[in-house]
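Labels run A, B and C following the written order; every chain starts at residue 1.
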Amino acid sequence: MTSGGVHSGEAARRRLRKRHAAERRFRLYGLAAIGLALGALVTLLGTVVVRGLPAFFGYEVTLDLHLDAARLDPQGGRRPGDLGRGDYGRVVKDALRALFPEVKGRRERRRLHALVSSGAAFDLRERVLAEPDLVGSTIALAVPLSDDADLFFKGGVDAEAAEADRRLSDAQITWLRALQSEGRVARRFWTRFFRAGDSREPELAGIWGALVGSLWTLGVTLLLSFPLGVAAAVYLEEFAPKGRLTDFIEVNINNLAAVPSIVFGLLGLAVFLNLSGLPRSAPLVGGLVLALMTLPTVIIASRSSIMAVPPGIREAAMGIGASPIQVVGHHVLPLALPGILTGTILGMARALGETAPLLMIGMVAFIVDVPTGPTAPATVLPVQVYLWADSPERAFVAKTSGAILVLLAFLVAMNLAAVLLRSRFERRW
Amino acid sequence: MTFPTPTGGIQVTLRSTPLALIAACTLGFAAPSLARDQLRIVGSSTVFPFATAVAEQFGKTTSFRTPVVESTGSGGGLKLFCAGVGTQHPDITNASRRIKGSEVESCRRNGVTDIVEVKVGFDGIVLANSKKSGRFSLTKEQIFRALAKQVPIDGKLVDNPYRSWDEIDASLPSTRIEVLGPPPTSGTRDAFVELAMEGGATAIAMLADLRKSDKKAFRAVAHGIREDGAYVEAGENDNLIVQKLEANPSALGIFGFSFLDQNADKIQGSVVGGIEPTFENIAAGQYGVSRSLYFYVKKAHVGVVPGIQHYVAEFTSDRAAGEEGYLADKGLIPLPEAERTAVREAARGLELLSLN
Amino acid sequence: MLPLTLALLLLSTAAFVLGRRRAFAVVEGETRLLHSQPGSYGQWVALWCALPSLAVVVAWWLLEPALIEWQTFAGAPAEVVELPPERRELFARDALALSAGEVTSSEPGPALRAAAGRIQRVEGLGQLSVGGLAAAVALMGLGWARGRIRPQLRARNHVEAVARTALAASSLVAILATVGIVLSLVFEAARFFALVPLGDFLFGLEWSPQTAIRADQVGSSGAFGAAPVFAGTLLITALAMAVAVPVGLLAAIFLSDYATPLTRAWVKPLLEILAGIPTVVYGFFAALSVGPLVRQLGERLGWEVSSESALAAGLVMGVMIIPFVSSLSDDVINAVPRSLREGSLGLGATKSETIRRVVLPAALPGIVGAVLLAISRAIGETMIVVMAAGLAANLSANPFEAVTTVTVQIVTLLVGDQEFDSAKTLAAFALGLALFLVTLGLNVVALVVVRRYREQYD
């Protein structure tokens, strides 16, 4: 062989270098693709976390509230009915005025009152109704600040900007600073966000109502799609004769899995609301729509899980005299259950995050009360996100992101559960 | 088999349809018709923020449950409202426009004969842009010339040739015309077209003449909004329009006053006809582009669903709809004192609507 | 309803116990003489008890509305019977409401009260007689079945036949759902096409569903040429695919052929998180973060970018679809037999050459199938475009312009401020039908492609 041979000459080495460079480039493309995808994930989650964390905290101001019997209980009987009608808003306003006696004039006073949330009066009412003996005394109560004041302490208000350009006036900022220097303002973990229903005031709004609505909806979905899905899968895997009908069912299931979710919303509008006359905004209808949507997922997962049970198990059971139904009930289903459950959980996770079909059936609604049943009006977490994203108050941007974080936490938990279930119980035959 | 209209349905005929049966049968549910102890409100997305504020206050200060408020749009709300009497139908619908004769007729056909109309206040429709660029000062005629599909030039109607604002009037900036506004399905758009565009068209002598001779042709010109990209239909999420304006300083946006009010640090309202869109100017009726907001009550439900009268009283009370009320804080422009008192009296007495 | 259900439940339980006891009795405790386990006999009797009476209840349920309607007008005064149809319907509804103690549309007159009374009688009669009949049928079924118990009776087989039927019925729900979707879309769409010709809808170049909020408003007929809507959907889908296909495919190749098992174990689930994030979150992200970013970038480069550019929605949707493409492609790439790879490597090809010249061509049909499925997913995606894309029906291929999509139009047409019952709301169903058919077609093609490919190597 000479140095100028086809496979060892300079040209060959150059060719080889080129090919190796191409190899490296190709590898790099792959890495870049993964980097891009993961980068998008990190950016998305990062944005939501940065925007959403302030929603979990809030500022409260401690006021010395004089519970004047003349205002709260003019009848003097301390009866809950009378106490409930007391003018609690006035008590809160009086406490504020006592702190800033120099504030005169209707307009200025309104500005002062606007620093404290309208929820303060509700909080006080609750407290007094719980302890009627407090009437007549003076108590120190930490009450929420209004959304604008809250935003100021969170750094969302630019005090340097011209007065007309911000939601707080110069005087309001001075008062807030005074309250802070007196040590009356404190940052708290905002439990209200987790235990309250929806509200028009960002500082009072919470996700509990939407969360319970989501649970009712998912409950209905699970109750319908799990038994139906497993039964259908068992039939198709174990009993269905090979034929046109079975093929048709299979095609249907595969297609349903790919039908856009909004089309299920149209189905819900036409069939459940208009034809069957079921109530609007009800978890029942949402659950029905989502059940139809997740049914194919459950069926497909259950089928592959049932298929994975080796035929030997069936044959052994048949061999000792079990009927086909007994084979399925006693052996195949228990063995396939982890896989079925995994598929079901993943289907439920998808249903939990679904918004579009629910827009069609009236779940875009303002609902304060926590839903008490499947026909009570309710909204769900993703719809709450959509609603808050649409609200004019600035502080709702944080609340929206906060709600997204809670939603994501649930999804992560469900997916983790599915992964654990799979790794714990999955058998390789 | 009769198939239903998209919302609402007719109970008697539908109960016998086989499909309902199949659906109900397989899923195992029958239609419930339970009495309700909670108000159900539907309707306009413009009134939604105000109605929800009243609903919340009402729920927290009385022994009644908080009403459920749904944002369905004015038309959709009236459709549901008019679908019939009975607790499966809503009690109140909000509207950003007045009820139409045809809607009253459809209500009547379904047995909803007694309707109480309550006017709650005004909503200013503002044109606003980012504070990063200068404030616009426009006349209605300029608005018309910037946004109409066809404009009169030298006595002839031609397709709108204006690309940038200074082509319309030298006093305006030389930026490209770009206006983000509501889609045709929106009540805001309808009001804007009627108040600003039609007003602007009337200011042009040629169109004013046309108006006298051929009303229909005039409307066709005055209501046509250009579709060549200068007017961007931006969805009904006004919040997103605000965000987009911030990102795009040369664009103008059209939306309700409450969004301007909430975002006064980021955007500024354009002066229209020499009047700035401020709370005071709209309330005084000086700002030319504002519309009335209403809600409608089904009288047959009063006394059946608890709390309707109390809700109406709360909505019309001074602490809600007054000049210093909490709705004013949310951006609702209150009615003038005298009208407010009249409305309150009429509403509390549940006076019936008459469309004349 | 509830008492009846409870009664039936109790009766069936009793039937089970009785049947089981009877089975013991007929063989005098020698259960090995029985064809089936004693429990099966119990189940058999319980089924005979429950099913016939359920049939009675269902039959009454079917019959009742017709009976009520008949009774509403039977014996009603002539002026009621001769009412125009719409007034008749109102009367019927009021009578029903009154009989249930609900509100009526007007102060009830004597005719209405009488009708309501008749309805109440029908309902009362129904409850009594149907309850009685159902109970009687249940008892008869119980007695008959119990009497038929013999050692030779193949009780288990009978019970299992019922169970099999129930299983088969559940699998029919999938068909029912499809039928429901098609019916609900077709009926409304048919009404729409009666107003707007199909040709105009499919090929018309102007989409402007103007509102007729007042009757005198201009443009109330509207233009329903859906071509710009379809074009917008295609544009956004194409943009999404331009992101998702290269990124997804390259990621799949890297994961299947280059990555260490450890990397694969970490990266794959991370990628799949992208698929699990709710679309409303993507919408929020697209509208508030990506949209302004795209615009700023465009401004800096001196391009005119609309605030609601198709690009922002397309990019974000592409990110959402990456895991869809990557995991499906991963499957098909892994399914290419090792022997093909080894043959190529053995001839001296580098890894990338093997992948490009051997693995990818072999996996191509599967990848095409995956991409088709991803496209159908992108076309049907709603929340991202509702929140981030515009409503302007521009017929444009410029990704910096605002376009609208089928799903956005469905949502706005049904949730917007428009008058109902007009061509506009019906148009939503026509669009829904188009969406359904297109995704259906894509899906069928994708499945066929994938299936055909599989047959080559299995």
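In this text, a residue touches a chain if its C-beta (ideal position, glycine included) is under 8 Å from a C-beta of that chain, and two chains touch if they have at least 3 such contacts.
This one's a predicted model, so the numbers in the text were calculated from it and none came from an experiment.
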Find the chain most remote from subunit C, comparing centres computed as mean CA coordinates.
B
Between A-B and A-C, more C-beta pairs in contact link A-C
Per the C-alpha means, the centres of subunit B and subunit C lie apart by a whole-Å value of 33
Chain centres from averaged Cα atoms put subunit A and subunit B apart, in whole Å, by 30
What is the distance, in whole Å, between the centres of subunit A and subunit C, each centre taken as the mean of its C-alpha atoms?
22
Multi-chain contact residues (two or more partners), subunit A
269-271, 364, 389
Got the subunit C residues that touch at least 2 other chains?
173, 180, 183-184, 187-188, 287-288, 386-387, 414-415, 428-429
Multi-chain touching residues of subunit B, meaning two or more other chains, are 3, 5-7, 11, 15, 19, 23, 33, 71-72, 237, 240
Residues of subunit B defined as touching subunit C within the complex
3, 5-7, 10-13, 15-16, 19, 21-23, 25-26, 30, 33, 35, 44-45, 71-76, 79, 84-87, 96-97, 100-103, 109-113, 176, 178, 180, 183-190, 216, 219-220, 223-224, 227, 229, 232-237, 240, 243-244, 246-248, 251, 300-301, 304
For the complex, give me every residue of subunit B touching subunit A.
3-9, 11, 14-15, 17, 19-20, 23-24, 27, 29, 31-34, 38, 40, 48-49, 51-53, 55-57, 59-60, 63, 65-66, 68-72, 88, 131, 237-240, 258-259, 261-265, 324, 326, 329-331
Where on subunit C is subunit B touching in the complex?
1, 58, 61-62, 65-66, 68-69, 86, 89-90, 92-94, 96-97, 100, 102-106, 173, 176, 180, 183-184, 187-188, 191, 208-211, 213-219, 287-288, 291-292, 295-296, 304, 306-308, 386-387, 390-392, 394, 401-402, 404, 412-421, 424-425, 428-429
Subunit A residues within the subunit C interface of the complex:
19-20, 22-23, 25-27, 29-34, 36-38, 40-41, 43-44, 47-48, 227-228, 231-232, 234-236, 239-240, 248-249, 251-256, 258-264, 266-267, 269-271, 292, 295-296, 299, 323-325, 349-350, 352-356, 359-360, 364, 382-383, 385-386, 389, 397, 400-401, 404, 407-408, 411, 415, 419
Which bits of subunit C are touching subunit A when the two form their complex?
156-157, 160, 163-164, 166-168, 170-175, 177-178, 180-181, 183-185, 187-188, 246-251, 253-255, 258, 267, 269-271, 273-274, 276-285, 287-289, 319, 322-323, 326, 350-353, 355-356, 373, 376-377, 379-383, 386-387, 407, 410-411, 414-415, 428-429, 432, 435-436, 439-440, 442-444, 447
